[in-house]
């Protein structure tokens, strides 16, 4: 349930054929937002999880060997361009810059995708839209998007949901009572405060829901928090100790 | 609409079979200038987006396996050399030096392209011309063109359009009223001044047009500037804050 | 024989389709715990030993060339998702991050695995569960899980078994008399204390059992300890000397 | 038009089957000298532009798959050895050392080329000669020829032509009047003096000719110098400024 | 002729299906010891020389293309597991860690080898045993075994044979008279003392035997020592000088 | 014409099936010595120029695809082992250590070569002998032979021929008069003294012969020395200046 403004901006981008970049921490709802917008706009959605080894061919397509000939198979990007789908590149910052560069001609006035191996130049369907996401909160020094790539996007900042909405989500999806849901969100706020003290990743709403499910399934509250919120996020003994202390303070 | 001088120099280069190098920031119109010149000179245009993984074979061509034989397929460079097209290598600085070296014999008195895999030596059509572009404003320390490659080009410096022309572009392509277009260009000038304070890439005319479209579509002006001009360009909190302040000062 | 709590948490995770991460030193029983849980839950178990060269294709599957056609063969991850098995990635921290990223869509609300080479989207069977393990005690500086991956797991901390249980294991599996079993576990505790003095890996229960077997087979006790507990763990002369001294003090 | 001495030395090397190494800056006429000598000696010339990705197979040859068999295709080096051609490796310093090593057996008393993939040992035709070139003026720290490779060549130092000859070349090939040709060469000498102040590559005779052509085509002199001599050679603002000042001083 | 204790420990390891690690300098008899134990235990021996490029497929097996189909061919590890052979990985420390990791499931309670390419899970024959060797004396800083791999072995320390036995070996295999054999071993002890002064590798028994053979063949004693013991071991002039001095002192 | 001692040692090594390592500067006659010994011993000679890209398959052999089947083709090492040839690896230090490791089983008591791709174990013919060479004078810090490889060779030190013999060689092969030959060798001795002052490679007898040929062909003596002895060996201006000064002092 994103706020109305993000929806309006996204709709305008779609109407004006502008690519969109979603920035925000892991698990704050970027993927669900794209799923929601695809449904709302009546467009198919094609998702690609980016990683270091993703090649341009993985996006554009390749020849496959059949019995007695080779046949071209569109990759997710070519497929989306042809059918007017929304193509969503999750964690685009993980992809190599040379892979990302194939997006360029699809994100300016040309809206074309050159398939060098077949010599075809795909003109994107009017409904085609490119959406990318990444988490600006870590690894900013090691990897970054090329400035000339950033220039091609309108950007939406995402963050964790506001307190009341996050409590409602934990309540609805986690299945605990209201007091526990509220305490879990309060604990999450405290744990997120450790970001400045070296915690690379802070607990997402997703982890809160997982922890709530364990509690609803009968696991004692503090142990559920240990295995659901503390142990996954750090191997550092002093950080884990500080997190456990916050758990113990919240659920005395 | 490039100024007449660039057109005259480009035409002389074409007439004298000299390769051309376009230098300038992202989104200042280099690609459109080449498209304009190709149309003006009545030459086909073949564009290649360069990246780290672009091999010499991608430019020259390769054998493809068919049902019962292998057939040679020209790459974009060989194809352009044969048919007398303008071959445009966008962001050539991203390509590996060993890929760029295949351009050498096409850019001196030989004007030939050696296809080692077939043993053919293609003599370029008189109308063939090589054009490359790159942005000298960033990553100069990491990648640079080989001096012996630079020697093979006449170079044209590009920059953002002058104020009046940029306002006219935003007005015509972005669809806002004249006052907003003027204010957006004024804001762009202020934001471009942050280049010396660490902003790797400054807002292009393209981003101004995108922002104007959002405004014309009903998004509030300041929010349109945040998502169209600020958020795409930096993840740095203090830089983004400074940019937002400039937005707020411009659209009080 | 893991303690009841780990079993309860694991069962709740399985019931709620949550992925599980097992953290702990080598040889403390993580693999056996997963085998036990698979048996208890009546699920097939598919184990993958992770390493630097493990590709996404190794997990998802690949085309194999047959006499006159190519046929798809599911990898262990696709196979587990289809049949509702527990898929156990041992020492996941050894795998490359780009390989690990294929796990993402299987560990959030989607529970899907996209097979890009065939265009298939596998919806995981309700019984499918992902389990990963790693040893947080070494190489933490060189390799680490991506924070956005950690967010997808409930984590269980493992350690060596408590003294009495470890003695019982050595007694039962190693075949020595009770006094020797007890002395071996006492020695292990002393050797594990060298972890802070530079011993990268401390002796596991597995090594204690191996040493006990040698003793039961007639090898003199101290020599069995030298070849079973000291020599495998370090090439450093002073560390090995300190370890031998501890052996000699234990078995005077 | 090289001076008589280089021709005599080259002819003696050819008569004595000695390999030749041409050293000198880009665009000073090394390639044309080899073309001239090949014509003078009545030998075919085979040129290879070296780069980082040039493999031994690219030089020696490879098997190509045909309809129902594989056929060997000689590479440029094997072809030259068989037919007694001059094989010219341009910018040999760009090639990897392991590629260069295949030249060894062709440049000592053996004069053979071992084709490992076919088991053939090609005995070079008496007319075969190997010629390599490189520019010692830059990147000397990063790449260098193996000492054991250098031992196999007689070396000729090249430099830009003397003033009078360079003026004659600009006049004849560039098509300007004599005063402009003289002024351009004077300017070139000044610009070449910036080599010690950080200009990686100084303007070659080739660039002077290109600039002269632009002037002859109607481009104003100073602008022609800016796009033909200044902008191609440096992105550094202060260096480009110094170069523009020299242009303005020359053509007041 | 290893001492009885190593044989007893090895036999117990074989009886208890424990993997064995042999540590010691080059040429001290590790390979021969394994050959002896294989003969003594009546097991086939399969030896693999490890190196940086050894892949898991080299150990496990691969598909080979035949006339009209592909057939699986077991690698040495799979072959040894099936037939109950001793599989000996010589200089295992040279192999990449990701290759070594395939050994894991064969060295714990599972004793299985997963052949991912065929989907087969090989259950090792009861007679199968894994033996690895390496030299802890050099390159310890660059390469090391993963701690989790070391945990899987019983380790035997090897060193050069004691004086009397080494003299007997040189006498029997080298063919010199007794006085020369004794002097050679005395010299070897002195040369081995240079290990602490920077000699990366000290002379093995193998080199002593080679030198003795040259002497028996008529080469003067000191020259045989120069070419057989000094020149192979160091290119350092001062170290070689010190070694020559020791030769001259021994054979005045 | 090597001195008798090297021949005797080599013959003893051949008779005792010991591998030989030739150490010495480039162009001092190592290759010719091996050719001479092969002729003298009546053995075929198979030479491999080593480089960074030489794989174990290049040495051992590979499958080649024919019309309707794959056929194995022995590499030079396997071929030499079968037919009892001398296999000479020139500049072995250039090869990767993982390639060199395949030599191990051929250089100890086993004298076998394991062909993993076919499962064959080649037992070397009694006449087979392995010879390697390298130049210890440079790049010693970057590349070095593994100590465990060095242990497998008897080593012969080579150097430039003594003065009288070198003069005779220059006289006979270079075709100049006796005084010039003598002066060239004197000059070479002076130039070789620059080794300690930074000259990576000093002039070999081969370069002296090439220079002599140019002189015999009519090139002025000093110019012949410049192009034959100075320019090939260094791009460093001060070193080249010092070398030219030595030329001018020798041929006043």
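The chains carry the letters A, B, C, D, E and F, assigned in the order they are written, with residues numbered from 1 in each.
Methods note: a residue touches a chain if its C-beta (ideal position, glycine included) is under 8 Å from a C-beta of that chain, and two chains touch if they have at least 3 such contacts.
Remember, predicted model here, so these are calculated numbers, not experimental data.
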Intersection of contact partners for chain B and chain F = D
Count the smallest number of chain-to-chain hops linking chain D with chain E, moving only between touching chains.
-> 2
Just grab the chain with the largest centre-to-centre distance to chain A, centres being mean Cα coordinates.
-> F
Are the two sides of the chain D and chain F contact the same residues or different ones, given that same means over half of the numbers occur on both copies?
-> different
Taking each chain's C-alpha mean as its centre, the one farthest from chain D | C
Chain E to chain F, mean C-alpha position gap in Å, rounds to 30
Distance between chain centroids, defined by C-alpha means - chain B, chain E (Å) = 59
Please list all residues of chain D that touch 2 or more other chains.
-> 65
Cyclic ordering of chains (reference chain E, direction chain F) | E, F, D, B, A, C
Which residues, counting only chain F, touch chain E once they are in their complex?
-> 5, 8-9, 12-13, 15-16, 18, 21, 23, 55-56, 63, 65, 68-70, 96-99, 101-102, 104-105, 108-109, 114, 116-117, 119, 136, 140, 144, 147-148, 150-157
Residues on chain F engaged by chain D in the complex (per definition of touch) | 26-27, 31-32, 47-54, 58, 64-67, 73, 75-76, 90-91, 94, 135, 138, 200-201, 203-204, 206-207, 210, 213-214, 217-219, 223-224, 227-228, 230-233, 235
